[in-house]
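Next come two complexes, and both contain chain A; in the first it sits with chain B, in the second with chain C.
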Partner chain A sequence: MVGGQILSVMNLMWVIAVPLLAALATPLVGRVLGRAIGWWAVAASLVAAGLLVSLSGSVHSGNPPVWSVEWPAPDWGMRLALYADGWGWGFGLVVAGIGTLICIYAQHYLSDAEPRARFFMYLLLFESAMLGVVLSANLVGLVIFWELTSATSFLLIGFWHTQERARYGAYKALLITGLGGLALVAGVVLIYLAMGTTDIRELTARAGEVQAHPWFVPILVLVLLGVFTKSAQFPFHFWLPDAMTAPTPVSAFLHSATMVKAGVFLLGRIHPIFRGREEWFWIVSSVGMATMLLGAYGALRKTDLKALLAYSTISQLGLITLLYGFGTQLAALAATFHIFNHAAFKAGLFLTVGIVDHETGTRDKRVLKGLAKLMPITAVLCGVCALASAGVPLLNGFLSKELFYEEMVAHTGRGWWWWWWPAMAVGGSVLTFVYSLELFHGVFFGKLDPHLETDHGQSRGHGQPHDPGWGMLAPVAILAAICLKVGIWPGGIERYILDPAVAAVWGQPVDFTIKLWHGFTAPLILSILTAITGLVIYWQRHRLADVQTRLAWPFGANTIYDAALKGLVNGTGKLTDALQNGRLRSYLWLALAPVVVVLTLILGREGWSRIWPAQFSPLAPAEAVLLGLLIVATLAVVAVNQQRLTAVIVLGAVGALVSVFYLVLSAPDLALTQLLIEAITIILFLLVLWQLPKSVPALSTRGERFRDALLAVGFGVVMCLVVLAVAAANVPKPVADFYEAASLPRGGGRNIVNVILIDFRGFDTLGEITVLGIAALGALALMKLRRRKEDRR
Partner chain B sequence: MELLMAIAIGTLFGAGLYLCLRRRTLQVVLGFALLGHAVNLLILNMGGIRHGQPPLVNPAAAGYADPLVQALILTAIVIGFGVTAFLLVLAYRAYQETGSDEVNSPRDKHP
Partner chain C sequence: MMSLILATTARGLMPLLLLFSLHLLWRGHHEPGGGFIAGLMTAAALVLQYIAFNAAHVRKCLPVDYRVLIGTGLACSLSTGLMALIYGSAFLEHRFGHFHVLGIGEVELATALAFDIGVYLTVIGVTLLIIATLGDESEAA
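On to the complex of A and B.
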């Protein structure tokens, strides 16, 4: 028993590790397998799914397996921990299961010219990251995997990176979900600061504490920003349609069945922690409803079938979000059920559209008509998925839609205005019904375009469109079969996946049975109303299109996004130009004015007692004269800086005075070096001076000189105080003692400074010599540069 | 002693900065040289003030000046010279190329 437990715990780790390792090995395996590399990805996904199935026993027993390592920073609540409760496990099965189907499909979908190995490597990387999101037991781990899904999504959207649109879409998706991810990180940090843990199970157990915490609202808002951006909720929905530039298998997998659902997955994860608060209900449900309506309305405006599906996905995600906001048991059941149902039928629809695109070379619904004649099997499969999406009985979509209506109607007892929710629910569902019919009836029935019957001209050399091979049909068929199976006999899947998932989302086991027929109730009446209204609108769809054209809103989220991005790029460009303006003066001002201010503040805080030394060393008359001369000479350099020759000579005097001063302060080596260097410097100065213009009128105005003098005096005074503060501090010098003691026995010299330079800090001296060498080479290069030019003349 | 030394170092800093803010290359190099002296004296000051106690191993001596700061300054003097020399050559070459010894970038004059 114990051995079995450990085995299943290791399996949990392997669920994520297998796709990851397979992805890393893909480039090598690809060389062996060639174009069959897709089967490698299929195998990896199957293994991941199988490992999950092997865990089913402990999941169903309500004793979820946990695997954790004390890494990377357990002291800060950061450890890699995985667990498979009903919710994560069920979602993981969807990821690995649909992943398997997608890999089979993609193996047949991609043309031979595409870089297959790269495609499947990205896909497996994503799968691993997504499984990490759903199995994480710790919010920090979840966030890391979350960001990895954003990154792999970026790679996959931009897979055809030579296309401008693909780059634009990939960039947009990364920016929006990435910004939301940052908000989520901030939310998790706040949770840790507030609760001292990021462990999801512990937080669930202490849900009351979280809700009572004064930071509850900021935490909620930050986490929800992550959720809404990831799941394309209004007003962040606009990245998803542009993500459709990805190859269709990617759209089906990431941007419909799994990655965009990470947001609603997290809603389900934190549902038992946050539900019940008014803020949770109002924010989540309102955003969900707005998204549901906007998405369904937008779907009808699109002529590109993939864009239509993108908007319909937005709408369905809105529905799920809306339900989680209600925070009731029934709503949790309906939302969780719908997540699974939507994954099945929407992935099926994407794959069907992919087949149509593959065969005809177009996705324009105005051109595509009557394809059932040419592709009967595809038509049937598409019909099943589309009707499931519309919510027609005997299919899975109907069951979750009924639960949705039931939940909406359940609250109407609270007052007449609560009828608003079922009314909007029906509105959204009617629009869903209409676009689902457009996908199925519109594309596969009606008069066939004669161009399509031959070759569309853009098709990929298939001649007349026909049903594709089994490799592309089988995945869709399996998904359609699931829609039917769940729609007619929901029992088995309900017990296997749904029961444990809902129990985890709700926080405790929930008693329910999903029934196809539960009497002539309000939900059924609303379903019938939906179907009739939907049929009428579909029949009159050209009028709807007219209305939509008239209502067209020229100013959308995309306009704001584009303007904001442009503004950001221009703004930072201007800021950089302003700061990096190539003027030494402004650099010095920018750097040193703050130094003066900050040092003044620090010295002011320390107080006079810390600046003024308690006692001064005695001042010999000779030293007073020396320092006095130094001050006078320094000021003289400034005073005569217009008369260059004089200035250079006075500078030499300053250097000489400093050398003598070194000598006085027990530093004979410094005095020697300084004197030598000073002599060479003055010679260099004179050499250059000889070449420069002799008369130099002042370039700066009086005002400029005054301002500069102000800064210079301020800087001088502050530095003067710093020197005093150093003297006042009187720090002990253990390092000096070490060198004194070690100089003779370990360095073999009595002159400690020399021993330090050539022995203890020999590498510093090497660095110093290198700097000199570089300066010399630079100077030489500068001179040579001119020589060559002269030679050419 | 410390007070006068502080004033001298402060004067070197202020004068160096003022010259670095001028518009001609030679003045900037002059200012840079002054700043070098200022920094070296500041470091020396950190080691404390000693008279007649060079940093030698001599058991008979009453004490010794901090050798570490002196080692640092020795390095700094040499590197300061290297940079000054390079700046001078740069100033000279810039004048030859542009016919002007102004510090500011051409962008300044031709916006």
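On to the complex of A and C.
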């Protein structure tokens, strides 16, 4: 018994580890398997799904398996912990299941010219990250996997990276979801500060405390920013349509079970913690409502079928978000049910659009007509998925749409203005009905474009379009079968997944039955109304298109995004140009002026008494002479600085005098070093001067010179005061005493300077010589680079 | 343009300078000197050869890639630090001991010296890499 439990707990870890390890091994396995590498990914996904199924017993018994390790930082409440409650487990099953189908499809979809191994490696990494999101028991782990889905989806969306559009789309997806991810991180940090834990189960148990906390609203807003950016909610919806530049199997995965679904998954995850507060309802439901309408409306404007589907996903996710916002038991059931239904029919739709694209070389709905004659099987499968999306009876979409209507109508008793919700719900559903018909009826019926029939697939090159092989049809067929099965006999598969999932999202077990027929009720009337209105609008769709063209609004979220990005790039470019302008004098200003200001402030605070030493040691005659010479030499440098060569030599003299000074102060090591450095520096100077004009051209105006002189004098005075202040500082126990005493017994050397350098502070020295080495290589690179540039010219 | 006097002097001084720099390196633990100073001294001696003769001559006499020299020096210093870990001490903790060598007498050997040799090699490499590259530039100009 105990052994069995340990085994199932380990299985939980393997659910994530298997796709991850398989992904890492893909490049090597790919060499052996060649173009069959897709089957490797299929196997990995299937194993992950199988492992989840093996956990079903403990999930259904309400005793979710937990696996955790004391890593990476248990002291800070950060440990990698996984658990499979009904929500995470059910979602994981969908991820791994659809992942398997996607891999089968992609194996047949990709042409031989594509870098297959790389594709499947990215896909498996993505899948593993998504499984990590749904199985995390801890918000920190969830956030890490969350960011990993952003990173891996970037690789997938930009898979065809030679295309400008793909790069743009990938970059946009990463920026938007990445920014939301940062907000989420901030939200999690706030939760940790407020509650002292990031454990999801504990937070759920202490939901009342979270809601009563004064930081509740900031926490809510930050977490929701993460959710809304990820699941493409208004006003962050605009990245999703550009993400369709990904290969179609990726889009199908991204829209149905992963990435955007991670957003609504998290919404369901935090639902038992946050639901019930007014802020939760208003923010979540309003955003969901706006997104649902905007997405459905936008879908009708698109002529590219994939763009149409992208907007339809935005709309469907809006519906789910809206429902979670209501925070009632029925709403939670409807939303959770719809997530699973949407996953099935949306994956099916994307895959059929992929087939159409593959066969005809186009995705333009204005060209694609009457394809049913050429591709009957595809037409049937698309029909099932599209009608499920439209919410037609006997299909799964109908059932969750009914629940949706039921929830919307349930609140109308609160006052007449609550009719707003069912009204908008019907509005959104009507538009959904119309675009679903466009996908099915529009593409597969009507008069076949003769051009399409004879077109020898300019882009794909396999003659007249026809139904593809089983490898591309089977995954769609399975999804369509699920839509039918759930739609006609609800109570089997979906009880297996839905029961525990709803219990987890609601927070306690929920008693419900989903029935196909539940009398002539308000939801049914609304469904009939939706269908009739939808049919009428579809029939008159050319008029709708006219209206939409007239209403077209040139100013959208995309415009703001592009302008903001351009502004950011230009702004930082200008800032860099201003700071790194290539003029040594302005660098000196930037470096020295702040030093002068800061040091003056600090010295001013300390006061004169702390700066001026109480007593000075007497000046020996030899020291006085040296000092005098030093001052004269320094003045000479200033006087001759127009003549570079002379200036360098005089500067050398100053250095030599300083080293004599060290000798007088009995610091032979310093003196020796200084002298050698002087010698080598002069040679360096000469080598550089070789390339410069003999005298310094007068570049500055009188005003500039005055200004520079002011800085020079200011810096000199401040440094002088700092030296005095250091001498005046009354250090209680000079560290020099320690070094003097410890040098021989503990370092084994009588030369204190050397023992400090290589023993007591050896780590510093190691760092310094490393910096020296890097600097030398940098100098080498700079000079060689310049040489190459000149050669090219 | 080669000056005969400078060339002769440089040739004669070379071994002396190198020996002296090695002496500075060795005695650094007790008397003024050490890896940094010795490295600068060696670099200066070699720069003198660059001035007295030309780059091609120095490269012929000293066929060493200065980049490799930097790497060797850093590796030397780093590995003495890592050696301490093997003995269970902290990173960069040095040891020293006194040994009796026949004919010479009491000699102190410290792991710090190995570290200092690393510093020595790195300083030579860095100085000469920069000067030689700049020198190439001026010769080409």
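One rule holds for everything that comes next: the second predicted complex is superposed on the first by the 581 of 793 C-alpha atoms of A that agree within 3 Å, B and C clash if a C-alpha of one lies under 4 Å from a C-alpha of the other, contacts with A are read in each partner's own complex, and residues count from 1 in each chain.
Simple rule for what comes next: contacts are C-beta pairs under 8 Å (C-beta built on N, C-alpha and C of every residue); 3 or more make two chains touch, one makes a residue touch a chain.
Computed from a predicted model, the values in this text were never measured in an experiment.
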{"item": "Contacts of A:110 with chain B and chain C, given as first, second, both or neither", "value": "neither"}
{"item": "Of chain C and chain B, partner touching more chain A residues", "value": "B"}
{"item": "Touched partner set for A:775, first chain B, second chain C, both or neither", "value": "both"}
{"item": "Touched partner set for A:762, first chain B, second chain C, both or neither", "value": "second"}
{"item": "First (chain B), second (chain C), both or neither touched by A:203", "value": "neither"}
{"item": "Touching partner for A:669 - first (chain B), second (chain C), both, neither", "value": "both"}
{"item": "Contacts of A:679 with chain B and chain C, given as first, second, both or neither", "value": "second"}
{"item": "First, second, both or neither for A:514, with chain B first and chain C second", "value": "neither"}
{"item": "Partner chain(s) touched by A:287 [first = chain B, second = chain C, both, neither]", "value": "neither"}
{"item": "Touched partner set for A:753, first chain B, second chain C, both or neither", "value": "both"}
{"item": "Common interface residues of chain A - those touching chain B in one complex and chain C in the other", "value": "668-669, 673, 677, 680, 684, 688, 691, 749-751, 753, 757, 765, 772, 775-776, 779, 783"}
{"item": "Sites on chain A touched by chain B in the complex", "value": "581-585, 588-589, 592, 613, 616-619, 623-624, 627-628, 630-631, 634-635, 637-638, 641, 644, 647-648, 651, 654-655, 658, 661-662, 664-670, 673-674, 677, 680-681, 684-685, 688-689, 691-693, 696, 699-700, 708-709, 711-713, 715-724, 726-727, 730-731, 733, 735-736, 739-740, 743-744, 749-753, 756-757, 761, 764-765, 768, 771-772, 774-776, 778-779, 782-783, 785-786"}
{"item": "Chain C - residues contacting chain A, complex", "value": "28-37, 40-41, 43-44, 47, 51, 66-67, 70-71, 73-74, 77-78, 81, 91-92, 94, 96, 108, 110, 112, 115-116, 118-119, 122-123, 125-127, 129-131, 133-135, 137-138, 140-141"}
{"item": "Residue ranges of chain B in contact with chain A within the complex", "value": "1-15, 17-30, 33-34, 37-38, 40-42, 44-58, 64-68, 70-71, 73-75, 77-86, 88-93, 95-96, 101-105, 107-108"}
{"item": "In the complex, chain A residues that touch chain C", "value": "668-669, 672-673, 676-677, 679-680, 683-684, 687-688, 690-691, 747-751, 753-755, 757-759, 762-763, 765-766, 769-770, 772-773, 775-777, 779-780, 783-784, 787"}
